[in-house]
Amino acid sequence: MSDVLLSAKNITRRFHGLVAIDGVSLTLTRGTVHAVIGTNGAGKSTLVSVLAGELAPNEGAIFLHQQEVTSWSQPRRARAGLGRSYQRTTIFPSLTVHENCRIAAQANRQQFWNWSSPARNCRYSNDAADQAIQLAGLESDSRHTAGMLSHGRKRQLEIAMSLATHPQVLLLDEPLAGMGPEETERMLSLLASLKNEHAILLVEHDMDAVFKVADEITVMVNGRVIAQGEPQAIRSNPDVQTAYLGEDE
Amino acid sequence: MLGDYYISLVIKIMIFAIFALSLQLLVGGVGLVSLGHAAFFGIAAYVTTLLSPESGPGNLLILLPAAMCCALIYALVTGALALRTKGVYFIMVTLAFSQMAYYVFHDTDIGGGSDGIYLYFRPELRLGDMVLLNIDSPYSFYLFTLGCLLITWIFLAVLMRSRFGAALTGIRVNEQRMRSAGYSTFNYKLVAYTLAGALAGISGLLYAAKDGFVNPELLAWEQSGLVLLMVILGGSTRLWGAVLGAAGLTLLQEAFQSQALFGDWSSHWHLTFGLSIIALVALMPNGLIGISAQWRNRRSAARPAPSQG
Amino acid sequence: MKPFVQAQSLHAHYGESHVLQGVSLDIGTGESIGLLGRNGMGKSTLIRTIMGHVPASSGTLSIRGKDCTRAAPYQVARLGVAYVPEGRGIFPNLNVRENLQVAARPSFDGRNDWTYQRVLQTFPRLAERLEHGGQQLSGGEQQMLAIGRALMTNPDVLILDEATEGLAPLIIAEIWRIIASVRTTGMSTLIVDRNYRKVLAHTDRCVVMEKGCLVENQPSAELAGQPELLMRYLGV
Amino acid sequence: SVKVGFMLPYSGTYAALGQAIENGFKLYVQEQGGKLAGQELEYFQVDDESNPSKAPDNANRLIKRDQVDILVGTVHSGVAMALAKAAKDSDTTLIIPNAGADSITGPLCSKNIFRTSFSNWQPSYAMGPVAVEKGYKTAVTITWNYAAGKEAIAGFKESFEKQGGKVIKELTLPFPNVEFQPLLTEVASLKPDAVFTFFAGGGAVKFVQDYAASGLGKSVALLSSGFMTDGTLKAQGEAAQGLFTTLHYADGLDTPRDNAFRANYSKAYPAMQPDVYAVQGYDAAQLLAAGLKAVNGDVSKKADMRGAMSAATIDSPRGPFTLSKAGNPIQDIYLRQVKGEQNLTQGVAIKALADPARGCRL
Amino acid sequence: MDPAIFLIQCLNAVQYGLLLFLVASGLTLIFGIMGIINLAHGSFYMIGAYMAFALEPLIAQYLGGGFLVTVLFCVLAAAILGYFLEWAFFSFLYHRDHLQQVLMTYGLILVFEELRSIAVGNDVHGVPVPSWLAGSLALGDVMTYPIYRLFISAICLLVAGLLYWVLARTRLGMMIRAGASNREMISSLGIDINRLYRIVFAIGVALAALAGAIAAPVSSVYPGMGNSVLIICFVVVVIGGIGSIKGAFLAAMLVGFVDTFGQVFFPGIAGVLVYVLMAAILLFKPEGLFRQG
């Protein structure tokens, strides 16, 4: 089933005259990893932010489950099943790993009016947190304070928190940045296993990793898409090579 | 009489403790530092005074909701605007809004202008004609204030443990992440801000009832600053930090002003008070509530504190 | 001759956690050293301890034979150690020219061979963007700026912590080229990078960290020939 | 012994006034050999910081903690209001040695509250006829937008317009701003015959200087309530020379009573000039003495003591005065002119002026 | 309003704005670069004014006097004071919560105000306008404008220009700006950040004292004078955008105009207007007119 979960049409975003993304369109389908690669400052993170609703596009439209969500706020999109991770780690350093995930999971059971029952006893969010921790392979650290984790573990937690909200679409901004080879391996297998249930957008500079997991690749340079397609086609695309990949080693 | 004095001192501490707790919800709970919290305190005090009849005691059943509502409405309106800004700018916008309220009471005749107005009778709790609770005597007023403090404290403690509280904690630590998880953080902050305003309203009412005199200085920035100091000095990470801060600052002022304790220096009490604030800041990085932990650390080997990166 | 930087059984803590557990490391004049290890093993902490950003709780550190165990970062820097931190540390509110000029200083012994002009020749891309704010640069340009800025202090040792993180492959290649050319000037380097192959190729000697201790110290060429060691310490 | 509680500003803007009042009070007691009606006086002090929001607490420190028999205070009107309320609630005798809020001896008047100073209305009211006499037909008023200022202006306006003058504009600026330039420019555009003001302390100094510097002084006369030039003349310097003000005290009265007071005050406090605040403090002590004498020092006979106080004639350095029913002095208001560092009397503007005590139900 | 009066009011507004700028510039510098919300800034203003008052006779006696010499002396003394204060009270606070610094500066206000009271008493004092600046210019038929006020404006403009030049053009300025954004990195480049901060703090204090000293002849010196300028200066700093000298300048002008014309046109609510202005600006520009950087 080719099940389009998220699509973006002709997105443009400007920062005071600088065109950070320029008419970018893409679709995310359940069961695929869609990688976005491109030079530094090409607008990849900006694209993720626009899709997630953190930045408003100047032009273009975004559809989630075939419904237009361009004017929706980020939290509303998140509740509708859109999760993201950040290029710079954004965890709650003073809380434990489990609490980090629990707060994220609880977003689906907010219940403003319920001001007296302790958050810690919320069955739903505890379960969701445990599940996310297990998926991300953080069980051994689940009671540890997040701020004390090593960089790589923090990156894993970052992903776990995104998973805890049970998103269907995952937007991952450089999840491998700063990870060692071993963690990279683990993250890639996690992505492969998540793929079945989710539609994943992966922004990454680690080409080995990208070519390993991506089903489709979009290449951006200076805000524009210069190539889009199957990994093999992209790898051999001369434009992509001169603008981004460089000569093979 | 002397007993009365100490009761009234304790009552004052408790009123400020409620006031500080309400701000603590913002500072320690959501990470919103407001320098205009006295506006809610003062508005509630004015509302209490203005709505009380001149000829007899007002009814708490009307006054308390009215005072809290007015504070709440002002908090809702100003909060909706102020929460568009962040950090220091938020501090300053809240200051601006409280200064506006200050000038309204100071420069117009609504509440007796700069001289202030009196509340002639302490309100009582009345149902129809039956008086359920009279707080005219110092002791009953003391109990009433204590009750209010406990209710506020318990309410906040329960609230901070709830999902709402957990969400506030998340927003304090990392708002961006909370939004991406699906929380409409603006609404949360607004609710917290409004709640804090209403709770400050309780203390405003109590304050008006305590002395029966209300004036614009209750809304001045110095008052907001003082309550913020209580929260910081006590330690903003725990509820009892606010209570400790309120007690600590009030008692310090009291002690340094006391001729019995400091003799002629009491007329220079600003100096001793200022110096002791400086000393407290220098020696207690985490406020009063951090002292015990600090002692524990002192005993274990001296180690460098984690850097803030 | 005494090594330029000499660290002896350095210990460092972050609050309760004991991150450096007795590290001894020498950096000789003109020597190029790679620092390898998994995430969170304390590589950055070691560097930050050498720079004086993290206070050493015990052990000694000397630079140019002077005791620097308790020295402030600026004193370490003045003795000729330059640092390109994780995350680059560009001053966003300064433009490229100012970012470079603010760092300019002659070396400890008065050498001034890395002039503004020479840095711009080394990084022609920066020369094209002199008036751009630090914030407006792309990640790669920022990285070049950070290296160029470190060179402006005419250092004897250049420390690079994850200089290629988050950069496009094309730019990573360029950064390595620059590292290689800096090395030919006789400057010592200490390099941390997750691409261990590149590190092995661009250094004389490599040390490996594990859980706050140095566990290996070998010439790079020899280490490259021991895949089982690399497997053990790096998981590759 | 009798416990006297001073609630006065010992810090902040009004600290100097607080000190003068206390000095004046103690001077009288000293003159009587340290005792009033055979009773030792025991003093308690609380710094009210001129902060009304702390006033109830400060008052309670004296009333409840120190359990004083007599309260003396204060300078700031807002604080005095709170003090009056606390005194009323606890039925403590209060003598106000400065604060001029009309309402204290108006709607809020009470048997246990006395004032030895003035009401804001009094000195300004006396200026109206003076202005008309000098031939001024139109006036502009300038003051801070706060109660004391408004009351003072109202007093002037009442008498000035009763005599046929016209206040063409009432200018105000927020308290305690001191940026007067826009208002002075406004005055220049209105071209009145006179400007009447009420300012005190630092603001008064700046106003007088700005007024002189603006050149308005040459064509528009500056009149004011006497607080403008009391205790501030040294700071105002040249700019204040020749100004006319009205107040219940003046330099150069040259009565034996005043000369004696001045000589004693200068001897006791060489560092300070005898001024109106010292007089008010001094008279507070006299008023207390009158009360104590009537009950032979037994402060527990409150009603008798208060009766004697309100019936007393106080032989003040400013000239003798009695108290109105509301407890405010019925006193002569002098017209004064600044010469050097003195507010020299130019005679009495209105004799035995009583505050109308509007709203008082005693 | 007749045009001549209108022009004079504009002059008043500019002149008031310039003085506000001078006080606020030190505040925005310390605030923007060191992150210290310095409530004690008003105290430094007061200290400057009191020094001008107290030192003048001494300087006249020992150095032969001169207004400018006095002002210079005040500024130097204030800079030394600032340098010392940073070392003694703030240098150990940077790792901590910013709110602690607020607490510290609050303590300092109390201490300075009380020390002032002990040292020079609580009287209001005037400071004479130097004779060579004492004249007035005639404006219109009834008004004159004191030359000294124009002199103040000139000094303020001069300082504004100088400050802008130092920050934008000199190496010290670069270091200061760099230190504002990344404290750790600047020290890694061999620059003594602690000394740099001390210098910034000293400059900030010196600016406040300069404002106090040159304003003393027109405002006189009185207890509590510092606190009355403090809040309005914060308003200026925040409207302008924290840390921005250009912003502070513009904001000071805005506040000057709003305050001046507010008093003329809306006397009853003049007190509120400035805060309405601030709230309005921050609602549309949540980070002030000129965000730093």
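Going in written order, the chains are labelled A, B, C, D and E, and every chain counts its residues from 1.
What we mean here is this: a residue touches a chain if its C-beta (ideal position, glycine included) is under 8 Å from a C-beta of that chain, and two chains touch if they have at least 3 such contacts.
Just so you know, these numbers come straight off a predicted model, no measurement behind them.
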Topological distance between chain A and chain D, in contact steps: 2
Each chain counted as touching chain B and chain D at once: E
Label of the chain whose CA centroid is most distant from the centroid of chain E: A
D-E or A-C - the one linked by more C-beta pairs in contact: D-E
Farthest chain relative to chain C (centres taken as mean CA coordinates): D
Distance between chain centroids, defined by C-alpha means - chain B, chain C (Å): 50
Between chain E and chain A, distance of the C-alpha-averaged centres to the nearest whole Å: 48
Centre-of-Cα separation between chain E and chain B, whole angstrom: 31
Chain C and chain D, separation of their C-alpha mean positions in angstrom: 74
In chain E, residues with contacts to at least two other chains: 113-114, 117, 268, 271
Chain B, residues touching no fewer than two other chains: 103, 106-107, 270, 305, 307
Set of chain C residues in contact with two or more other chains: 14, 53
In the complex, chain C residues that touch chain A: 14, 17, 38-41, 86, 136-141, 162, 165-171, 173, 194, 196, 234-236
Interfacial residue positions of chain A with respect to chain C in the complex: 18, 37-41, 87, 148-153, 174, 177-183, 185, 205, 207, 243-246, 249
Residue ranges of chain B in contact with chain D within the complex: 1-2, 4-5, 8, 12, 103, 106-107, 112-116, 118, 210-213, 215-218, 220, 222-223, 257, 259, 266-267, 269-270
Contact footprint of chain B on chain E as seen in their complex: 31, 37, 39, 89, 92-93, 95-97, 99-100, 102-104, 106-111, 113-115, 117-118, 231, 234-235, 238, 242, 268-269, 271-272, 275-276, 278-279, 282-283, 286-288
Contact footprint of chain E on chain D as seen in their complex: 11-16, 19, 145, 171-179, 181-186, 188-189, 191, 201-202, 204-206, 209-210, 213-216, 218-220, 231-232, 234-237
